[in-house]
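Have a look at the structure below before the remarks.
Order of writing sets the chain letters: A, B and C. Residues in each chain are counted from 1.
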Amino acid sequence: MAASNLSRFNTPAGRAFDVVNVALLVVVGVVALLPFVYVIAGSFATEAELATRSFFVWPETFSIDAYRAIFTSPAFTRALVTTILVTAVGTTIQLLLTAAMAYPLSKSNLPGRRVILSLVVFTMVFSGGMIPTFLVVKDLGLLDTYWALVLPMAINPFSLIIIKNFFQQLPAELEESAKIDGANELQTLWSVILPLSKPVLATFALFYAVGIWNDFMSPLLYLNDSSMWTLQMFLRQVTVATDLSIVEGDTTQLPPAQGIKFAVIVVATLPILLFYPFLQKHFAKGMLIGAVKG
Amino acid sequence: MTRHPSRAALALLSAGALTLTGCTAAAEAETVELKTLSIMAPYLVTNAPQPDNEIEQALEEVVDTDLDITWVPNSSYEDKTNITLAGDDLPHVMVIQGKTPGFVKNAKAGAFWDLTEYLDEYPNLSTSFPEVQKAASINDQVFGIFRARDVMRASVILRKDWLQNVGLEAPETTDDLYEIAKAFTERDPDGNGQADTYGIIIPKWPGMIGSNSPYDVIETWHGAGNRWTERDGELVPSFMTEEFLEAVQYEKQLIDEGLVNPDYATFDSAKWNEPFLNGNGGIIIDVHSRAGQIMGLLKQSDPENFDRYVEISGNLVGPDGDLHAHPTAGYSGFLAVPKAKVRTEEQLRAVLEVLDKLNSEEAGPILNNGIEGVTYELDGDLAVGNDDAPQTLKDDVLSYAQLGTNVTGFQGYRPKQASEYEQEMYDKRLEIEQADLEFAEFDPSAPYVSETYVSKGAQLDVIVSDARIQYLAGQIDLAGLEDAVERWRSAGGDQVISEINELRDAD
Amino acid sequence: MTLLEKTAVESTESIVVPEARRRGGIRTHVTQFKWLYLLLIPGALYFLVFRYWPMFGAVIAFKDYVPFLGIADSAWVGFQHFEDFFSSPDFPRLLANTLVLALLSLVIAFPLTIVVALLLNELRLMLLKRSVQTLIYIPHFLSWTVVASLTYLLFALDVGPMTQLINGLLGTDIDFLTDPAWFRPLIVLQDIWKNTGWGTIIFLAALASVDQEQYEAAIIDGAGRFQRVWHVTLPSIMPTIVVMLVLQMGQVLNTGFEQIYLMTNALNRQVADVFDTYVYFMGITQGSYSYSTAVGLFKAIVGVVLIFGANWVARRFNQTGIF
């Protein structure tokens, strides 16, 4: 594969384009990264430096006070562990449910398919709203359980449709041969379709994981027990300025120090960011599909 | 083709509705004896208190009842309140943060007990500040035990070293304030030879008109009243007065002459102290406790000289030569008892019994100061904070203070200041507050809740508060500001005025 | 869609709403597709329970909903909220502001995502490709609160690094944060910065499955690099582009709340107010859930029309569409 790939790039114009393209994308990458570097640098800076310098990528005096403050809170550490577990388990469940529903819908001869798809698409533009959804979750007895963070968002219609479209594009011959071997659709999905769909599944694993990870409303509304809370409950409370307390003149409490805000952002963002490279290797494997087809 | 899906959707809907009625049937059995008191309360710090912490245990001992507290982040309290009211698992007591339209609607629909007739029977709930209780009521119906706050808090905080450098005294009048702001901007108060300073620091204000912003305070000083004022026997919003127009012109002069930070429309209020500490600006118009906050920060960065930077002053005399002091509402929300949980009068009395103990002399110090020997030590009748206490416990003290009502006066120990200078400043503050209180201009409309205001108020108020900033920024002229007030009136404001006056006359 | 296809579709659709005389037909279908239907059950249940069941709550658009009274016991008001909304002086302004932002996002941010994905796809150094990919996803993980505070920092009057940079280039100070003329460019810029990288994921996944054989064939035909992108790559990911476009049409009135809310101030509110901030304002600040549900319902109806319309157009042009 490598040799043929190279041959199609090696023209003078192609090389010139490569240079420009590399330069351009590196700039794009840096622009994307810089503000985050500032957040990281700020999390290691002293409050005095944060107050006087407006933007920097390296702190003058190095300080880990902010991190010490965060990690001495047992509640924060517990929330971090909880969030990682809920995200891992939740993403798996959501992905399986979505793939299971996407597969039958990818069969254009399935009766009722268009009605179901229309109903699915309708939910993308209209939802019952916060209070009715809460009432449903409550009536199902899911309050104060981690299911409440996973099930109400189990299938994202957008993800469902993209995965369904992906299944549709898979070569039909593969399934035919599975059928000839006597496999039913369930077995075909599990042993033929899903392994072939790794790039798209990896993509949506990331989407789902980020969805659960960043979800703030569900734990707020569905979990009364603060020992069950996830990271976003902390992040939110730290980063959102307490407007009301200023209007009320309630200044007994200082707003959280800027450095702590930054440190919380770093701690809450890094794990999910580190999750990505594990998925990326599956993205690359997507290349193989063409080969299989040949 | 959309016809078919919608028909199918209807079928699904009715199926869903059937299941719903099936599920909600289970109602919980209620016992009259109160073993556990459940409370919903906001917390403002980073960490919510953990169940069964030391403070909660100490409180449970005093009130002789188990406490089950649901802590909700302050930033999303309103959402959680509405969700909780919509469900059927309510706490016995809910902290309500103010007379928001949402609360008023629920209260008028009968969601909460009217406590007007009950509170006086309980020694610790019978308030010594009936006028504040009235202000916290909805048209004289008391739906909650108010959480008392200092009434007189407005303060001008200035850079003391700058004042000395330009040879001026702390201000007493609004003219003095202008003088000082001008000197702080033009006469190089930090002596570095550069024109890199300005006078007053004003942040982007999160509230609307009449929400204790520096603008509102300046307008009160000019005699425009406090949110509402009485003119010719009729209550009118303060922005309909001559004095208001005078005050905004004063504000505009400050801004036009560059005596205020140029980004006053966008500057983050969480960073309000920074320009003061960094020596960019030298005046903050806010509440007294901010001065203490600033001194604390200075003490960290410059422990040797921290007593050289801060000067405070109280309310300022307006151009009419009179002192119109700007008070707060005197309360910050209240503790309400939802009827959906507390169904009978017996149950209500059981709840009030516990709340009475929660506001007792024994419970007060726990709510306000924490645990003696752990979070504070007693020195005479002053509390000395214990710096070695774990941070989570210090945070917990601040959270439990949210449950305190102090309706019979402050129940905790005042904090002892760490140094002589701080004590001096604190005493000066109390003195100023005491002196200003006499001249407080209270909001005469506070107890009255107008129907129209509940349904449209937020929309209406934003018209005027935006126009004020637009005028200050030069986007519109004074006539434009007056037009905005006219728009406020025609869009429903006139109705609000007549409703408020009717309620007042009927009172 | 030909007439024949149309009747085929309608006959399959009516199966979901069963009629007695068709029962025999259903049974055949069910046996033939039993495994597929079995797979559908969990998903169908999900949509039924968590997506359609809460929709009963939409009736509060026609009521004066008070949370304490509950949905059933709140008073009916008919179309009152809709009348108020459409006759409100805010309505034309909200509509215009929302549409302008949606249009900007559609013509700038959407194509840009595809362009970046294509450029990334042309990178041959796998290490560089992966690194850049990872980097451009980062902004997606920062909340709007963080993005907004960074924007305030960078574009602050006088002291912001961007303001200073532009002052150096143009010699004049621009007050980006309060000047109404700069509100939309800033919003679009934030949107691009935060979401473009993340948006490329879908297209990169589609690009990963482009048939390599077609490239080989194109090279043999002597196609240049640009021609290969134009004639092979783009057509292969066209179905994905169309689906994304159709789905985005449904979101035209959803500009998002938090980003706009955080960037709004007294001086730019005239151009900043959109439906989503209005819904928040009416629902939370003003406590009128009914009114904001009515606005939400209006948005949903527009969304349904646009999404189904776009799908219809896509199918007319022989693209797959969503369904």
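We take it that a residue touches a chain if its C-beta (ideal position, glycine included) is under 8 Å from a C-beta of that chain, and two chains touch if they have at least 3 such contacts.
All values reported here derive from a predicted model rather than from experimental measurement.
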From chain A, the most remote chain by mean C-alpha position: B
Selected pair, greater C-beta contact count between A-B and A-C: A-C
Separation of mean Cα positions, chain C and chain B [Å, integer]: 38
Euclidean distance of C-alpha centroids - chain A vs chain C, Å: 16
Intercentroid distance (Cα basis), chain B paired with chain A, Å: 38
Per-residue multi-chain contacts in chain A, two or more chains: 115, 118-119, 122, 131, 135-136, 140, 240
Contacts with 2+ other chains: residues of chain C: 9, 13, 16, 49, 52-53, 55-56, 67, 156, 289, 304, 308
In chain B, residues with contacts to at least two other chains: 1-2, 4, 8-9, 12, 20, 79, 82-83, 86, 268
Sites on chain C touched by chain B in the complex: 9-10, 13-14, 16-17, 48-49, 52-53, 55-56, 66-70, 89, 149, 152, 156-158, 177-178, 265-267, 269, 281-282, 284-289, 304, 308
Chain C-touching residues of chain B, taken from the complex the two chains share: 1-2, 4, 7-9, 11-13, 15-17, 19-20, 78-79, 82-83, 85-86, 100-106, 109-111, 204, 262-263, 265-266, 268, 338, 340, 454-459, 462, 465-466, 468-470, 473, 475, 491
In the complex with chain C, residue positions of chain A that touch it: 1, 4-9, 11, 13-14, 17-18, 21-22, 24-26, 28-33, 35-36, 38-39, 54-55, 97-98, 100-101, 103-105, 107, 110-129, 131-133, 135-136, 140, 151-155, 158, 160-162, 165-166, 168-169, 184-186, 189, 199-200, 203, 206-207, 210, 214, 235, 239-240, 265, 269, 272-273, 276-277, 280, 283-284, 286-287, 289-291, 293-294
Residue ranges of chain B touching chain A (in the complex, touch as defined): 1-2, 4-5, 8-9, 12, 20, 23-24, 43-51, 70-76, 79-80, 82-83, 86-89, 97, 149, 153, 205-207, 211-212, 268-272, 274, 277-278, 286-287, 289-290, 293, 296-297, 301, 328, 332, 391-392, 398, 401
Touching residues on chain A, where the partner in the complex is chain B: 48, 51-52, 69, 72-76, 115, 118-119, 122, 130-131, 134-136, 138-140, 143, 217, 220-221, 224-227, 229, 233-234, 236-238, 240-256, 258, 260
